[in-house]
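Here subunit A shows up in two complexes: once beside subunit B, once beside subunit C.
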Partner chain A sequence: MSGYHANAFTKGSPLGRYVIKRFVQMVVLFLVFFALSWIALQAIPGNSIEQQLRLNPNLPPEAITQALARRGLDKPPLEQFWLYTKAFFTGDLGVSWSRYPQPVSKLIAERLPRTVMLFSVALLFQYLIGFQAGKYLAWRRNKRGEIAITIAGVSLFTVFYPWFGLMMILLFAVKLGWVPTNGFIVEATWRGAPVSANHVMVIMFFSLLAVTAFIGLTSWASSRLDQPNRRRLVKIGAWVVGLGGFWLFWATNQYLVYAKDVAVHLVLPVSVLTMVGFAGVMLITRTSMLETMKEDFVTTARAKGLSEAMVRDRHAARTALLPVSTSLVLAVATVIDGGIITESIFGWPGMGQLLLASVVSEDIPVALAAFSFTGILALLGHFAADILYGVLDPRIRVTSQG
Partner chain B sequence: MTISNEVSNDAPILDVRNVVMHYRTEKGDVSAIENVSFSLKSGESFGLVGESGCGKTSMAMALLQLQAENATFKGGEIVLNGEDMLKMNPAEVRSHRWSDISMVFQGAMNAWNPVHRVGAQIKEAMDLHIRPQLSHTESRERIASLFEMVGLDPEMMDRYPHEFSGGMRQRAIIAMALSCDPQIIIADEPTTALDVIVQDQILTELKKIQHDLGMSIIYISHDIAVIAEVTDRMGVMYAGKMVETGPTIEVFHNPKHPYAFLLLSSTPSITGPRRKLAPLEGEPPNLLDPPPGCRFHPRCPFVTDQCRTEEPPLAEIGGGHRVACWNWESVPPLSEGLRK
Partner chain C sequence: MDTKQVPESLQRIEVQIPDRPLWRIRAGLLWESFKSNWKLFKRNRVGLVGLVVIILFAILGLAQPILFATGVWDAKIYDVRTGNDTRVRIAEMTVVANVDEVIDPTSQIDRRRLIAEGENVQVGDVIQRELKHPWPPDRHHLLGTDPNGSDILSQLMYGARAAFGLGLLAAFVTVFIATTVGSVAAYFGGWVDSFFMRFADLLLMLPILAVLIVASSFGRFKLWHLAIFLGLLGGFGGTAIVLKSQALSVKVKPFIDAARVAGGNNWRIVTAHLIPNVMPLSFLYVMFSVTGAISSEAVLSFLGLLNIQMSWGLMINKTQSAGYLLNPATWWLIVPAGLAVTLLAGAFYLAGRGMDEIINPRLRNR
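Entry: the complex of A and B
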């Protein structure tokens, strides 16, 4: 069974080299980002920091001395940087100035999963729906519905996003009352809850990830089976087992009520993000598909007697996926700025809101940490998208040797 | 590898009868194939020759029903083993593709999908057409033996197309074309993009494979010398029409259509007698608005009034040699050349 793919992941394979190279790039990029954010902080003169600290009503005097000592303001800049770096990488992020004495690491640990949850689910939907829509749009070119969907897509793509978000809240939350207007949970539901909301959300995230990975990997493996009818059986089986398992897991789960609460709050932001983002993916896919459909290898595929669906999915769409996965790299980067806007509109207490709040309240330790972790998040997403691209396009692995 | 060496009856396995195919464009209809007929017997190799744009690729694509979307058939039949392909539904057409007729495309450099392994792309066709279906190991063994046959290292089947050189890709395409034991292989300019030495090797190999496996081959080229080297019978196309067909030796040494005659006299011959080079003057006609009568008449040195109005039929002149010309008897032997 392993014949065709046996050598793809072996040591020193082009893909392996590609991944290592990308990883090193990511680490270097993070270090640069980390140093730059520290230098930006240096632009604030030391005594003004001290003044600010003294003006901050949340901080007792011993906290101020502690904070100043932590930064080693009496030491030369390089040593200050070293102190800061050492502290950061040993997990000591200091305490929040605006929410003294909460440790910064606790704040981040609380906020980070929420942002990851919201955006990974939204990105997943954006790409799944956008890719399928774009694929059919190109394939059914000049047939009915194409123009309508394209116009809808372009309008969604170019709409002023905060306005659109507010309109959707107005419609679905205020007018129709189908979903909550904002927030992450309803406090009342969680009074006396045996778990934290974050814990439930992490379980939700990983159960979703497990199902997606299971269905994805099984369908992929099924295409390597010999008999076509068995392939289809395995594919259908993967969906049934995956979705059934997911349902069973949650139906018997004691945290179901809590999970439902979080899920209900996710619906609107995820839908709005999906609607705005899927249009872009759809348009890229459509363009890319129209390009690939003209390629000679699509004619070869037809000449071999493949059915139209096989030509479309295995040849045209599979190759059209390459530019689409490049766009994922960019999409991940927009999570940083989009995150602040989205989380503000929907009152989602994630990293974006934390960043905004800490900057407004001049809570420098939190701002710095939030900034660094948002950066890490974006870089990890970028890294994942890069690897995906390398897996999808065998040619890129060769150029990566240079 | 089963050999389809049924040289039983003389019934052709492929019979193209009076096919007319036009391309619809904004400027009007392009008359790309106009009343073309030819047939192919089992084990035979047939050559199709003509200038660029005369409709060779259009004809080849029509045989697989892979014509462009704007193409329409205005008449004729493409009879494969007694069945008219133009009357088949898409599923029936698909079942004949590659299993009965496979193709080595013009400019096959881009005929491979860059994201799939070459072996997997061949296996895809075999999974579809070979019954009972081969197991994974059997497929690999079959691909390995095909690779050996076309002079490729079997290890290469696990590589991606970009790891192949141009010549290797073309060999692999030939291997793929052989993979489902087709009765007919269409080779559309299979070597034009390659350098001369590789061209020669591939031609020799194709010839040998065809001889060993006994399949029929339709060989398309603008180079009449190549056609002469590899085919038993040949047809000369001009501006969408078949102007001369017959045994290759006959057409090559004794062309009777003025176009074929000029084409051959402008081809320097190394082996044959020295020929005076008579240039083929003028341009092929615009197929949006082809000339009335014989399509070659504006360029023809033997033109008469009849040629300007009446279309000459493709008529037998003996020994299976057919010519579509009113004045074929005025065409001198090739060795004499054209007296100016």
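Entry: the complex of A and C
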């Protein structure tokens, strides 16, 4: 068995060689990125930690020296870098300076589920709506409504996002009072709660994931069925069973009150993210569909006498899905960076806010950890997108030329 | 004496050599291709909408200095930062119980303050009072004034110039670098290619907003600093990758081989054959880069990280710091600025899409 594997990944397949080469490049790239981030953060003029300590009149100079020594700031920069790198790669992310002495890994573990929750729901809606809209837009080329939808879509795509978010808060939270203005929970609800907010969010996330996967997989499987009636039946059945199961799960769940609180706070940020993000997906899908529709196999499908909806959904759209899925992978990779503004505006205490606060307060251990986290996500995202392209589209051959 | 025996067709060819200088022929060809491209662009109405919006904003930006120079606007009143309208504007105001009940500061006033000033009024009274800035739109200030008394329309016009300056500078830096890097990487391949592409990956890994915040802490950023910085990030980053793939598809065309066979050196082939054929796509990316640069500037000045006179993002930032942000009653402080960023960024994007259909024939109508 092992011999087979070695063969498949070294000599035999160009894909295996490509994967290994890319992986090595990724490791090197990450090291460079890590070092550059460290240098950039160190080079910020003014040492905020030292300034803060010196501004405290109750601290004697020895205490300041001691406090700096505890953070390793009395050592020469190169030694600091070496110590930090060693600790980082052995899994010790250090302690936060601004929230001393909380460990950085604990801060990230606390923030990450919130960001994942918010953006997984938002991305789900963005891609579902965006893909459908793009499909119809391409199909209705040069018909009434195309220009209106395109212009509306582009306006949403290039909208000045912080402003748009504020406007939505103004309208739906301040004026109409339908949803809370900011935050992710109401503290009063959670006083004496038997469970942490993050725990509830994790349950919410996985229940949502299970339902989406169930509906998605069943619908996909149903498209293999030959009879249109049976296909429709299975599809509707999947939705009913999936949504019914979801409802049943939460109706009987003891944490329902808490989940509701989180869900209410999710509504506005998710809607705004969906409105802003779906247009991008729509435009990618449209371009990709237009290119696909020129292909011979679409003409062939038409010539076979298939219905327009059939040609669109089963022949053109499926091939056009390729760039869309790639962009989804890349969107996942840039979630934290993109989350900075969203989380600041809606007061959602996630990774983006952590990154922003750490950079502004020069909390270097937290900032470096957050930078590394985004860097690793981006690297893996690009890598996954490349591989995905090769696997999904057999016409694209991976060559060993970088 | 033999000339009479030369066949007639050959003589005709000699006559047809044009006597115009070469540059005029080239200009003529350019004009022809511009005309045919314009026809294609016009057919795509989406691009035309974008172009119209861009021109409107350009007129808006250019009109401000003209208004100042011709004396229609007095700099004392209409300057974007120091301007202040000191005229007295009287408004009818309803008295409410306390500060918290003042929803619309232009038509409501709190009773406690009036009593402290020695006026005896009851809740619900309507009194005549001098209106403090921000003023709602009127004849003199078409979009009202900000809390300091400066004219919003004037700020909007200045912001248009700032956005054009920043957007175009950033876009040209981006595309100049990206075209050069992409062509060189595609032509030479090997380690040159690997180096530039991995460098592009490195830049794409960066959390852009966080990096800009770090960069702005090295000293207050001026507008052109930001433009160059954004240009470098985009030029060595994502745009370089796109333009390299375009250059790769040009590199395998027969005319490149022909140029090499004819004895052209690398420099000549890259500058005279490769880059001109990547240029159409480069122009397209100028458009998309402008969109990105305008949005980035707006976000940064919204966060108050730039050292600039006035911009659309800064207008919202100032509204926020004056405490008028989430108040629907003072809409003119936040709506025009946000709408302007959205419209201009969107217009460049739409114009880019219009150009896309010229450059990419696969998108054209059947």
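Throughout what follows, the second predicted complex is superposed on the first by the 272 of 402 C-alpha atoms of A that agree within 3 Å, B and C clash if a C-alpha of one lies under 4 Å from a C-alpha of the other, contacts with A are read in each partner's own complex, and residues count from 1 in each chain.
Here is the rule we use: a contact is a pair of C-beta atoms (placed from the backbone, for glycine too) under 8 Å apart; a residue touches a chain by one contact, two chains touch by 3 or more.
This structure is a prediction, so every number in the text was calculated from the model and none was measured.
K.L.:
Can A:Ala378 be said to touch subunit B (first), subunit C (second), both, or neither?
P.N.:
Touch status of A:Ala378: second partner only.
K.L.:
Using the touch definition from the top, say if A:Arg318 reaches subunit B (first), subunit C (second), both or neither.
P.N.:
first
K.L.:
Under the stated touch criterion, which partner chain does A:Ile340 make contact with: subunit B (first), subunit C (second), both, or neither?
P.N.:
In the superposition, A:Ile340 touches subunit C alone.
K.L.:
Quick check for you: in the superposed arrangement, does A:Leu78 touch first (subunit B), second (subunit C), both or neither?
P.N.:
neither
K.L.:
Looking at A:Tyr161 after the superposition, I want to know if it touches subunit B, subunit C, both of them or none. Which is it: first, second, both, neither?
P.N.:
The second partner, subunit C, only.
K.L.:
Contacts for A:Leu55 in the overlay, against subunit B (first) and subunit C (second): which applies, first, second, both or neither?
P.N.:
neither
K.L.:
With both structures placed on chain A, which of the two partners, subunit B or subunit C, ends up touching more residues of subunit A?
P.N.:
With both complexes superposed on chain A, more residues of subunit A are touched by C.
K.L.:
Determine, under the contact definition given at the top, whether A:Arg302 touches first (subunit B), second (subunit C), both, or neither.
P.N.:
In the superposition, A:Arg302 touches subunit B alone.
K.L.:
Return the residues of subunit A at which the contacts from subunit B and from subunit C coincide.
P.N.:
After superposing on chain A, no subunit A residue contacts both subunit B and subunit C.
K.L.:
Which residues of subunit A touch subunit B once you look at their complex with the stated criterion?
P.N.:
Those residues of subunit A that touch subunit B are 1, 3-4, 6-7, 226-228, 295-297, 299-308, 314-315, 318-319, 322, 392-395, 398.
K.L.:
Which part of subunit A faces subunit C closely enough to touch in the complex?
P.N.:
For subunit A paired with subunit C, touching residues are 25, 28-29, 32-33, 36, 40-41, 43-45, 141-142, 147, 150-151, 154-155, 157-164, 166-167, 169-170, 174-175, 181, 287, 290-291, 294, 336-337, 340-341, 355-356, 359-360, 367, 370-371, 374-375, 378-379, 382, 401-402.
K.L.:
Mind pulling up the subunit B residues that touch subunit A in the complex?
P.N.:
Checking each residue of subunit B against subunit A gives 64, 66, 90, 94-99, 102-103, 105, 107-108, 110-117, 119-120, 124-125, 127-129, 133-136, 140, 158, 160, 162-163.
K.L.:
In the complex formed with subunit A, which residues of subunit C make contact?
P.N.:
45-46, 49, 189, 193-194, 197-198, 201-202, 204-211, 213-214, 217-219, 291, 295, 298-299, 302, 312-313, 316, 325-326, 328, 334-335, 337-338, 341-343, 345-346, 349-350, 353, 362-363, 365
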